[in-house]
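In the two complexes below, subunit A is the common chain; its partner is subunit B in one and subunit C in the other.
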Partner chain A sequence: MTARTGRPLLYLSYGQDMALLNTSAKRGWTLVLAIGAVALPFLLTDDLLVVLATACVASIGAIGLNIVTGYGGQVSLGHAFFLGIGAYTAAAISGDPDSTRLIGFGITSVPIWLLGAGLVAGLAGLIVSPLAARLRGLYLAVVTLGLVFIGEHIFKHWKHLTGGVGVGRPAAVPELFGIQFAVDGEVFTKAQKLYLLMLVLLVIFGVLARNLVRSRVGRALAAVRDRDLAAEVIGVDVTRYKLIAFAVSSFYAGVAGALLYVMIGFVEPGSFNLALSVQYIAMILIGGVATISGSVLGALFITLLPRVTRELPAVLPFISSSSGSGGITVFQVETILYGLLIIGFLIFEPRGLFGIWNRLRTYWKSWPFSH
Partner chain B sequence: MNEFVATVVRGLGNGSIYALLALGFVIVYKSMRVISFAQPAFMMAGALLVSYFVLSMNFFLAVVVALLLTALLGAGVERLALRPMIGKPVFVIAIITLGVDIVVRTVVNAFIGLDIRQMGDPWGLQQVDVLGVKVDQRHLATLVTTLIVVAALFAFYRWSRTGLAMRAASSDQEVALAQGVSVGRVFSLSWALAAALAGLAGVFLSTGIGLEQNLWLTALKALPVIILGGLDSLGGAVVAGLSIGVVEALVGSYGGDLHPIFGGDFFLVVPYLLMLLVLLVRPYGLFGTKEVERI
Partner chain C sequence: MTATEARPGETTRAAPVLNFEDVVLGFDGVTALNGVTFQVDPGELFAVIGPNGAGKTSIFNVLSGVYRPQRGTVRFGDEDLIGRRPHTIARLGIARTFQNIELFSNLTVLDNLMLGRHLHHPYGVLAALGWIGKARRNELANREAVEEIVDFLELAQWRRLPVGLLPYGVQKRVELGRALASQPKLLLLDEPVAGMNLEETEDMARFILDIRDELGLPMVMVEHDMGLVMDLADRIMVIDFGRPIRTGTPKEVATDPDVVRAYLGEEHRVVERS
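The block that comes next holds the complex of A and B.
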């Protein structure tokens, strides 16, 4: 360690270079970020906390999509399908066992239904992945899009599982060591508890994913993405790594799907449509392709966007907050903004928010020299 | 028997709409190697324009004017959002078209409103007797128009100078450039053609039943069609479009006796299931060119 005291960026081994927090700045800021994230529930109002908790869950889903699309280069528009599988598995495992209308097993412990949801979704991903191993590029994108439609159809008609269109079913019940997360407690409110739970889960799954992508698997995936033929030549088993990418990504999607509806407390079978898939694609594109922190940034951005646009009518009087009355509504502004952001980011900042952050960092690091 | 024939004609009518849409996808794919997810938006835009123009002019004139404007919209979108992205990975460009679709469709939806807009077409829901079989006039009109459009399109590609340029650009852009083909013009023209075809499909889709916001989902059925026919095959798009239309209609009419777990609207997902099945056997569709890999 003595060699590092004077020169913090001098790495003497591969391990040091590849460490999660390889610079002192990263160590410091991660600590600040962690303290800030834990302190937030005591500073913000409950409705904002719910939005942030949703963003944490969306981050998990976005990380999953980034593993297959960002790192593995396999474009998947089928994320909504796997989110749906996760949501319904979790809801069924923790559902009311006495109900005659819906399937339920009454196991409300978080780790059990969370793992169950992830594993079932991961298994579905494995079943689908032979197609992915055979197809490339846009063919794969369209096929995964087909999955969403088939999944939506199944969800709409399997009434014992999903409750059917317009009716839906209660989402999974979050309970851990006797603590009920979805009801107000004596010390913490519902929103505070849920936020902390989701934050902890995000950290766990985020670190897991980060470890995956900086290991052998991650390097193999990047090789497949950059040129699958070359990867095969240097000894990467392309089919096997495509399977792994799909299974892991679907696992993450399942976990995210299970948690996503806990905040609302309700799952509707119509919600797992193409728009949801596109939303996740937008998250990783806006956040930054093939970065874990980018996925989190993108998820935060997309989840907070409606919240921000909802404040617009107060500032810009020509936007109305309800449909029916003339002029453009908030929802239309929101959708248009969302589409324009996707286009704009891809044209002007293909590396997303992470790229912007990277540029800022380099600027200050090399200041006062421009390059 | 009569019912069967009527079902097939209905399927051919719907299938021609899919074929028109699929042709648009294939034209864009041939020029840019990208699937344009913006096609649903152009379809809705074309239908919307017609539904406004018929208020003040003849239906057929309205269709012509609306399609010209839709083509202009397509070319404009290509110039603004797609041209800066030449040479970037196709996935990125495909996602840009998704963004375009979201923006354009939101604007179109705002003009459609919550009610169904009437197209003012001469066919409506009237039926006509053909050899003792009652068929919807609109389905016949769709089929005939599609056949004419397809013939014209094929002739254009086969014999016209511009068509030749488009084929050249699709087979190798750099060589085409070196031969004096303006590849940029080819891109614009492809997008304009694709948008106009989508618009035409939208017009026929909303004749009789009227135009409403959810109709855009039909445009996505062209995706299984192009995958089935092969992404770069114009003929494949037409054949696959018509066959998927017929299969869908048959399942819709006779599939009601299947197990209730499939649900009454099972025919809606039939195209996607067909696509999955065919792809397992033939990864490049029925008529697509197999990708040759050079090391």
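The block that comes next holds the complex of A and C.
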């Protein structure tokens, strides 16, 4: 550590070289980013903070999808299913135990229902993962698509758990060390508290995922994705690693699902549909496949997009904000934009926002020599 | 480490490392291997040659568990290899390279080599998530071992590049490195110099000799470059249509009339080179 002063890029041990933040630039920018993120609640309005908190949660979900699809190379359209499992597990664990209408156990401590949601979703992932061991590519995508429809059916009809269509049930109650996050406090508003909670959780789950993908497990996943035969010949148990990818990914989805509806305070069984899965696919494609920071960028982008399109009717008169008055609605514009963005990124920047960031970084590193 | 001295032809041989006996492998109507038998002794460089489609790569695929033969036995030390899945065979200490490079082209040279050490210093998913204690220690230990391979194969300048961007000859070398990184007890080289120019071929030959001299590692090599095979191999097996024609020292093989007819051509003479 001490030898680093003066010659910041001189590594004296492999430990220094392999550290997560192994250059002074990375350390500096991470600090700036951290300070910025913590300062935001005091600079932004509450409704923007709620959007950002949602983006943090979506990031956790996108990281999960990126582990199985980006690193593991197994295209999954079933993410909404696992998000749903997480949401309902958390809602049930923290739900009102006295209710006669809904299942509830009344345990509102965040770590407990969060872990419960992750584990139950992870277990579900483990159960369906043998499919992944036998199928690949489009076949796997179609089978996981089936999961979404099965999930939708169950969520709509298991009224004791989900409340049923059009009724729904309250989302998980976030409480930690006696602090209620979902109600306004004396010092912090509800939005400020929720944002900070989600930010901390994103950092925790982001760092864990980053560790996983740079470890032997992450390398083995990439090996299975790139060449499964070669992977097997060097000793990687392909079936086992496909299993791990699905289980970890579903765990992340479960955690994200549990948190996703905390901001709204309400879960509707119809929300876990194909469109939600596609949203997450869009996040990792736009953010950057097989990168953790790309997942976060993509999630931010997709979550902030509706916020931007909502402003469109004021600027472009042919777009209306409700379906009653002719022209196209903001919701249609949103859907079209998803499509266009996915196509655009796939054609022009397959490495996503992370790729653009990478190119900028290389440009400034070598500035003023562009090549 | 010292090379085990066990020259072929001697009457007192150490127990063979690999025993490949009477293996028959067919795909529907096609017979790829038709009663192939050979042994590889400790520290020996055993070469397999033959025309295209003779079944050379099929031998490798049987050895690494990709194909399952209909008949015959394959023993590696005391272990029976037939019916085992590839990753369990890797666990026994057999590493291989491929004819058409099978590297993980999106990953860097370092990561490819680290993957070669997948079975060494393992740790679980939970340890990986935390990257503290065992996971970190083991990663560092593997990294140190990988850097030795980097030095040995002179790959230092390409360390951090994705292998997909490297020249062909270097990729072949990285693949050799990945196999070596697993510290195998038997190394299978499938056409290590295929498609290389003279300089690259000589580099590769030097590395193969280094591996034999410094590590004493028994190797099975499939190769078309006759010059290389004659220069390097201790013993050669010539196969044609899945059937061994002759097994012996380079000299014996090169002068065998059947071999000359089947493979080298009537007029060919390579005796002078050895």
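One rule holds for everything that comes next: the second predicted complex is superposed on the first by the 359 of 371 C-alpha atoms of A that agree within 3 Å, B and C clash if a C-alpha of one lies under 4 Å from a C-alpha of the other, contacts with A are read in each partner's own complex, and residues count from 1 in each chain.
FYI, contacts are C-beta pairs under 8 Å (C-beta built on N, C-alpha and C of every residue); 3 or more make two chains touch, one makes a residue touch a chain.
Model, not experiment: these values are computed from the prediction.
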{"item": "Touched partner set for A:S215, first subunit B, second subunit C, both or neither", "value": "second"}
{"item": "Which superposed partner A:K26 touches (first subunit B, second subunit C, both, neither)", "value": "neither"}
{"item": "Subunit B versus subunit C as contact partner of A:D226, first or second or both or neither", "value": "second"}
{"item": "Which superposed partner A:L346 touches (first subunit B, second subunit C, both, neither)", "value": "first"}
{"item": "Subunit B versus subunit C as contact partner of A:K156, first or second or both or neither", "value": "first"}
{"item": "Contacts of A:Y14 with subunit B and subunit C, given as first, second, both or neither", "value": "second"}
{"item": "First (subunit B), second (subunit C), both or neither touched by A:V248", "value": "second"}
{"item": "More subunit A residues in contact [subunit B versus subunit C]", "value": "B"}
{"item": "Partner chain(s) touched by A:I234 [first = subunit B, second = subunit C, both, neither]", "value": "second"}
{"item": "Contact residues common to both interfaces of subunit A (with subunit B and with subunit C)", "value": "229, 233"}
{"item": "Of subunit A, residues touching subunit B in the complex", "value": "75, 131, 134-139, 141-143, 145-147, 149-150, 153, 156-158, 229, 233, 274, 278, 281, 285, 323, 328, 332, 335-336, 338-343, 346-347, 350"}
{"item": "Of all residues in subunit A, those that touch subunit C in their complex", "value": "14-15, 18, 20, 208-209, 211-212, 214-220, 222-223, 226-227, 229-238, 244, 248, 290"}
{"item": "Subunit A contact footprint on subunit C (complex, rising order)", "value": "64-66, 85-87, 89-91, 95-96, 98, 102-107, 111, 114-116, 118-119, 122-123, 125, 127-131, 135-136, 138-140, 142-144, 147, 178-179, 182"}
{"item": "Complex contact set, residues of subunit B against subunit A", "value": "34-35, 81, 84-85, 88, 90-92, 94-96, 98-103, 106-107, 109-110, 114, 220, 223-224, 226-227, 231, 261-263, 265-266, 268-269, 272-273, 275-276, 279-280, 283-284, 291, 293, 295"}
